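Just below sit the structures, each encoded as structure tokens.
Across the two complexes that follow, chain A remains constant while its partner is chain B and subsequently chain C.
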Partner chain A sequence: MPIVIKDLTYTYMRKTPYEKKALDRLTLTVNDGEFLCIIGATGSGKSTLIQHMNALIRVESGEMTVDDMVLHAKRVDLRRLRGKVGMVFQYPEYQLFEETVAKDVAFGPKNMGLPQEEIAVRVREAIRLCGLDYDEIKDRSPFELSGGQKRRAAIAGVVAMRPEILILDEPTAGLDPEGRRDILELARSLQREASPTVIMVSHNMDEVARHADRVAVLADGGIKTVLPPRELFKQEAMLEELGLGVPVSAKLWNLLKAAGAEMPLLPLVPEEFAAMFADYAGGGKGERRE
Partner chain B sequence: MDKVIEIKNISYKYGAAEGVDVEALRGVSLDVFKGEFLVIAGHNGSGKSTLAKHMNGLLLPTSGEVRVNGIPTTNDARIFEIRSAVGMVFQNPDNQTVATFVEDDIAFGPENLGVPREEIERRIDEALAAVGMSGHRKSTPQKMSGGQKQRIAIAGVLAMKPRVLVLDESTSMLDPRGRKEVVETARKLNKEGITVVLITHNTEEAFFADRIVIMNEGHITAVGTPKEIFTDAETLNKNRLVLPPLLEIQRLLVIAGYCTGEPVFTEAELSERLINLL
Partner chain C sequence: MNNISFGQYYPSNSFIHRLDPRVKLICAVIYVAAIFFVDSYFVYAAVLLFGITVIALSRVPIGTVLKTVKSVLFLILLTFALNLFLVSGDKVLWSWKFIKITATGLDYAVRMAFRLFLLITGTSLLTLTTTPMELTDGLESLMTPLKAVRFPVRDIALIMSIALRFIPTLMEETTKIMNAQKARGASFDTGNLLKRVKALLPVLIPLFVSAFRRAEELALAMDSRCYDATPNRTRRRQFKINMVDIAVLLIFAAFITLIILDKYLWGGAMDGIIYGLIFKK
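The block that comes next holds the complex of A and B.
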């Protein structure tokens, strides 16, 4: 169930002195089963775009479909849409509110109007999928969990709606290195086991390089380009100009290339860089390079 | 060397009232020297932030002692002096401004100390210039980016004429650009003579530190220069931290037999070294 967006335009505070065009004729297709990363400087329209995807913001101008659902139509079955598209906001742990973790995770499915037994099954499953121990955690207050556990519990609340598309808005913000790695691994395992399509907004280019199938670059409310990371990060000057930058491995590849040593593929992560450089240097030993 | 902050064998426990007993610091000793750029790194929950909050008496140790300019932080009568000497900027850029306009926000500290108006005016200008925000006197902090808000918070601290600037995870909620703005501001201020203590879990921010202190489970588990700390992946891993990508690449290249010698901390230096290997 792809998301197809065509010429989407959205203006905040219309007809006021503060009027601001957040999206400007944006066109993008999100494919089935991909891990799509969205990058862009603050104010480029990332949040506005993803809020359209589950109709937190309604289409004002342009067209947008999610699977068979037409979001620019007059009436949209919001309950059905929000069951399809799950949204995990920034710092989702701030939105925990119930007395117990189990009740908090149940909030979404309950609002979908599911029967009690079904809710119980989903809550148990979501908590497990998010790497938490159901029996140990179900009756605890979400507020007494550790930072990492809180974030997992908050994500479980979205997973419990069994969305086919999972949207994560900067899921690793504020976490330490271990917490970041854990949450990204969680995103990957959720993609395998629960929500086949993942859309992740991120500022961390090393994370994007490691996980994205494709990367959509936003600038001034439109899509600048959509490319696989190995292609995208060759364009360092463009990304720098947008205030984004490239991962360290790509930066080194670009520097080596500028010095006349172009390794055939752009490495995305440190392991790749070291292996590719060893190959390149080994293969080229004794040869003169221009 | 001159010690601006002396931390002597402090422990800190909390939660006794609620029946839980958490020992966030367990026998920590550390001196902060005048003029240094000190980074305290650790994972979430390692005790680094609790330690920072002892540096100007926001928290008082359960046992042991902290002195600022020789004054114990338990000395209530001189706590204003201590807080003026050691200024602190916190994590959340949205929680640290009190006024509608930047100039009023920066004036808040010195006004409370009864600094005369003309002197306050002068300090506002100086503080904004120091953080590279001179044009923003009449701006509204609420409308700024995270990095700008944190620089305004730093300016607010500078207006108190501190000897030490403590950045308590001040970069952790920022995007890469904001993080860079704050770290570069801190480096610049340090070059101009202010002692900086930067608390972080992003080890990249420690590249240019004079000294790195690593904390884990309420203890200091390692102290060293960036060259020492970043060639010891094992110690970092044991403390639930990671090598930044630039250093991880160098570690892997060393294993593959391609890179020897001292680690370098910029991509440009590494690529130059690699070109010479070809």
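The block that comes next holds the complex of A and C.
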């Protein structure tokens, strides 16, 4: 169920002195079953782009299709689209409102008009998929959970709609390192078990390198390039010019290369770097080669 | 939701924008009062001309000014209709069964509707050319004499500017929460009234939670910076009346004098003269 976007242009506050072109002839295809990361400087249009994907912002100019649904058409079956494309906003815990976690998670499926039993099944499943203990948490108020639990509960609210495409806007913002790792692991396990296609907006290059199949770089409302992370992070100068960076392992790799030691493959994570470097420097036996 | 620019301020660098906000406030208050003294059609025309001149000088597009009328158009039309049908007079212009329109009624209706129109456009010009912050600072400065009677001018001004400061933030927050709930299939514009009100709960509850959180943070930040520790705070932006401000006040005073003279001294004589010019020959 690919997403195909062609020449998408969007302007906020059109025809006012505050007019702002957020997307400018953006073209992008999201493949089935991939983990796509979107990176770009602040204000480059990432949030605007993903809000188009479930028609929270309607296509103003350009074309966009999600599977068989044409989003630039006059009428769009919003209920069906929003069941297909799940959107987790930045700080999703701020959208919790019900008395109990179970009721809150049930909000989405209820809006989809599902029968009661089906809702109950989905709520239980979504809470479990998000790494929470259903029996322990279902009757608690979402407002008394810990920060990490709140976020999981909020994500469960989207997962319960069983979207085939899951979109996450900076899901790790404001979390400690362990919380960040946990949420990313959650995104991965959701991809395996529930939503085969994941699109994630992130400012953290180490996270992107570790998880992305492909990375789309946004600049000034357009796509600068879409590459697998191993290719992308070789272009440190380009990324730095856009106000972005590269992950630690790529940084080291680039520095080594500049110093005359070129390892064949760019390592994406520190573990990989260590293994490759050991290999390169000592044939894997840890000996020094003079 | 995306097209709300709060306070409808229209940025530009005209001299009207740069006027001392206190001058603009005083002018606006006097204008509102003066409109109710406008008597003759001649002076209505003069006020209209004056208004158009000010709009032109402020470089705010006339369409933007008229847009502010749109929201109260219903009120203006209602006033017009009520006056038209309910005010009785001798000279009947048109009648059908029990409905009749008299010359007096028509005269009244036109005046009242026009008066409202001038009132709205005139005052909207104040908010179009002055930022909310300038407005509160100006108000605070104008209310300073009230300190003598222990009226908490500074606190009131602070409350106003905090409220103004947070309205856009809360609106942005509302949009965000609405979007998040829409993504979960909520819809806010279908169903009957009761359904729609109920649909707002998933937005209002998170909004209140976040407003309280913000209030708490703000109170902490103010406390930690010793708000209330000194009785006489100085301000960063100082107002200074300059020649342009004085000139504007003088022109305005002259204009008000015309309105008052027309009502009390000439008794609408201007209209008589103009009627004479049009109809006698």
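Note that the second predicted complex is superposed on the first by the 282 of 290 C-alpha atoms of A that agree within 3 Å, B and C clash if a C-alpha of one lies under 4 Å from a C-alpha of the other, contacts with A are read in each partner's own complex, and residues count from 1 in each chain.
Heads up, the rule we're going with is that a contact is a pair of C-beta atoms (placed from the backbone, for glycine too) under 8 Å apart; a residue touches a chain by one contact, two chains touch by 3 or more.
Bear in mind the structure is a predicted one, so any value in this text is a computation, not a measurement.
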{"item": "Touching partner for A:Asp206 - first (chain B), second (chain C), both, neither", "value": "first"}
{"item": "Touched partner set for A:Tyr12, first chain B, second chain C, both or neither", "value": "second"}
{"item": "Which superposed partner A:Lys74 touches (first chain B, second chain C, both, neither)", "value": "neither"}
{"item": "Touched partner set for A:Gly245, first chain B, second chain C, both or neither", "value": "first"}
{"item": "Touched partner set for A:Ala261, first chain B, second chain C, both or neither", "value": "first"}
{"item": "Touched partner set for A:Leu175, first chain B, second chain C, both or neither", "value": "first"}
{"item": "Chain A residues touched - chain C or chain B, whichever exceeds", "value": "B"}
{"item": "Contacts of A:Phe97 with chain B and chain C, given as first, second, both or neither", "value": "second"}
{"item": "Residues of chain A at both interfaces, chain B in one complex, chain C in the other", "value": "none"}
{"item": "Residue ranges of chain B touching chain A (in the complex, touch as defined)", "value": "43-45, 91, 145-146, 172-173, 175-177, 201, 203, 240-242, 244-246, 248-249, 252-253, 255-256, 258, 267-268, 270-271, 274-275, 277-278"}
{"item": "Residue ranges of chain A touching chain B (in the complex, touch as defined)", "value": "41-42, 146-148, 173-179, 181, 203-206, 243-245, 247-249, 251-252, 255-256, 259, 261, 269-271, 273-275, 277-278, 280-281, 284, 289"}
{"item": "Of chain C, residues touching chain A in the complex", "value": "2-3, 5, 10-12, 176-177, 179-187, 201-202, 205-206, 209-210"}
{"item": "List of chain A residues in touch with chain C within their complex", "value": "12-13, 16-18, 51, 54, 56, 78-79, 82-83, 86-87, 89, 92, 94-97, 107-108, 110-112, 143, 157-158, 161"}
